[in-house]
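Take a look at the structures below.
Shared between the two complexes below is chain A, which pairs with chain B and chain C, respectively.
Now for the complex of A and B:
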């Protein structure tokens, strides 16, 4: 997988609990630059919903971020923002956290996909 | 075959495609979960050896830290078969880059390296899940357009 590339790639950002952020930063996605600041945000018990919303909006406006990873329980807290988010870049990917296993019934994209058909469409 | 029948046939095919993509995406998310669980277990073991605060967000760089660049980045290319943008991961090697493991010290337990490997594996699953998600969004968009067209044809 390791190659030299002339064109700079885009970043993966992460909004999650401490373990999630530490883990993915160990994986090598972390970056801090003068212009944009960090591409990760650790959410703890003192973090407010407003701060998470602000962080998500900042990441979604950055041209150097291609994917926003957000744990599902934190995505639940800002569901009202995620439901209105229709862009494909950066892509928002909901991931499980250690506190809560993956729940397909609460994934924003999967909910949107499964609600495509109404009972009228199915002739019921 | 009338236009309406053709649209219905295409809708049927796209619906099946969407269901397949949903199933594959759920599987990718479960793979991410397994990789993350393994990584978090190794982080917990490292924490047990080094101390509670030695493997935590306290060791992560802050806005006041020296600037550094990511070693893993995302590139996109247009897939000729699918006709959509496909993402892939690239590991960038530079002479001045610091291994993130070094943030936690120089004599770190092997578990921390195992955690790094597991989370790198999780990143591979993340990229595949993202590509599937994009295909699913594209397919759902096409289904919505065809449903609208079908509704208009049904009225006439």
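Now for the complex of A and C:
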């Protein structure tokens, strides 16, 4: 039932702390082109929330990005933007950050899921 | 929701037939939409359980990847800046497939290798093994995350579509069908009313005709009597011209 689109390959972008970014870049997802700049954004302790918001909005508008990976602690910082984000592409995926384990109760999608069903349904 | 809420239509046999057709159509549409909603709901639950499974798996994979990063750093020294500065072209890219569930297209992401490894020579001096392991770990993490992303996208899309479908099902069940039924009831009552009126009128006309007939009969009888009387009278002095006396 599935058909391939003939569009050129899309990118995965990362918003995260330095180590997470470096890891994914070594995994081979990084790309810098002249028009859009890099497809990753390193957040350190000096980065303001506003800068992260800007970056997220920029990534979500780019046509060549299909998936945005964002570490959970940063996702928490821009929760208000993420909750308003209604598009399906690019898809926003929250990943655990390096120093904190993944907290399923904070994930935007899982929160949405638990709203619909009781927790027993989900097996959480 | 008063009984006045019905379609503006002239109550006639034709309109009644039309409404009956519409009612049948609405019921058919309702059952079809219900089936669609059920199919979507089934798929939705499947995806939901898969998402939760993948999310927990992702936690493990990411932990391992982060650990191997620390290992590689220990062996090679800090290479963060080198990696961040040497980015050129993406090696892993995504293509999109379209999957179809009950008329809803769901995007499915799939990653593929494109071009060569930019960091082929990284860790040439020392820590090459750790770096290779690190790369492998993050590549498998990326694969998992791509899968998760397509599941999540399907989840959001299906959620939206299910809401719309349920809204339609409810609208047909609670608004459109009752309205058509009310219209039908109105048409039937109105037609009955017309029929009663018609019947009454026929009766009235019959009565009138009866009276008129009786009157005409009476008149006729009177005329006849008169005629007979005249005849009787004239019978006596009926002139026979030949009669001399």
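The rule is simple: the second predicted complex is superposed on the first by the 109 of 124 C-alpha atoms of A that agree within 3 Å, B and C clash if a C-alpha of one lies under 4 Å from a C-alpha of the other, contacts with A are read in each partner's own complex, and residues count from 1 in each chain.
Just so we're on the same page, a residue touches a chain if its C-beta (ideal position, glycine included) is under 8 Å from a C-beta of that chain, and two chains touch if they have at least 3 such contacts.
Just so we're clear, the structure is a prediction, and the values are computed from it rather than from any experiment.
Enquirer: Quick check on the superposition: with chain A as the shared anchor, is it clash or fit for chain B versus chain C?
Expert: Superposition result for chain B and chain C: clash.
Enquirer: Contact-wise, after the overlay, does A:41 reach chain B, chain C, both or neither (first, second, both, neither)?
Expert: In the superposed model, A:41 contacts neither chain B nor chain C.
Enquirer: Between chain B (first) and chain C (second), which does A:56 come into contact with in this model arrangement: first, second, both, or neither?
Expert: neither
Enquirer: Touch test for A:26: chain B only (first), chain C only (second), both, or neither?
Expert: After superposing on A, A:26 lies in contact with both chain B and chain C.
Enquirer: Answer with first, second, both or neither: which of chain B and chain C does A:66 touch in the superposed model?
Expert: The answer is both, since A:66 touches chain B and chain C.
Enquirer: With both complexes superposed on chain A, which partner does A:10 reach: first (chain B), second (chain C), both or neither?
Expert: In the superposed model, A:10 contacts both chain B and chain C.
Enquirer: Now that the structures are stacked on chain A, which of 2-10, 74-82 or 236-244 shows chain C clashing with chain B?
Expert: Between chain C and chain B, the clashing stretch is 74-82.
Enquirer: Considering only the contact definition stated at the top, list the common interface residues of chain A for chain B and chain C.
Expert: Looking at chain A, the two contact sets intersect at 1-5, 7, 9-12, 18-32, 38-40, 42, 66-67, 69, 88, 91, 93, 95-96, 98, 101-102, 104, 107, 109-110, 112-113, 116-117.
Enquirer: Tell me, which parts of chain B touch chain A in their complex?
Expert: Contacts found on chain B: 15, 18, 21-22, 25-26, 29-30, 32-33, 36-37, 39-40, 43, 55-57, 59-63, 65, 67-76, 87, 89-93, 100-101, 112, 115-116, 118-120, 122-123, 126, 129-130, 133-134, 136-137, 140, 143-144, 147.
Enquirer: Quick one: in the complex, what on chain A touches chain C?
Expert: On the chain A side, the touching residues are 1-5, 7, 9-12, 18-32, 38-40, 42, 66-67, 69, 88-89, 91-93, 95-96, 98, 101-102, 104, 107, 109-110, 112-113, 116-117, 122-124.
Enquirer: Note which residues of chain A are touching chain B in the complex, please.
Expert: 1-5, 7-12, 18-34, 37-40, 42, 44, 66-67, 69, 88, 91, 93-98, 101-102, 104, 107, 109-110, 112-114, 116-117, 121
Enquirer: For chain C, which residues count as touching chain A in their complex?
Expert: Its residues touching chain A are 48-49, 51-52, 55-56, 58-59, 62-63, 65-66, 69, 79-80, 83-84, 87-100, 107-109, 111-114, 117-119, 122, 131, 134-135, 138-139, 141-142, 145-146, 148-150, 152-153, 155-157, 159.
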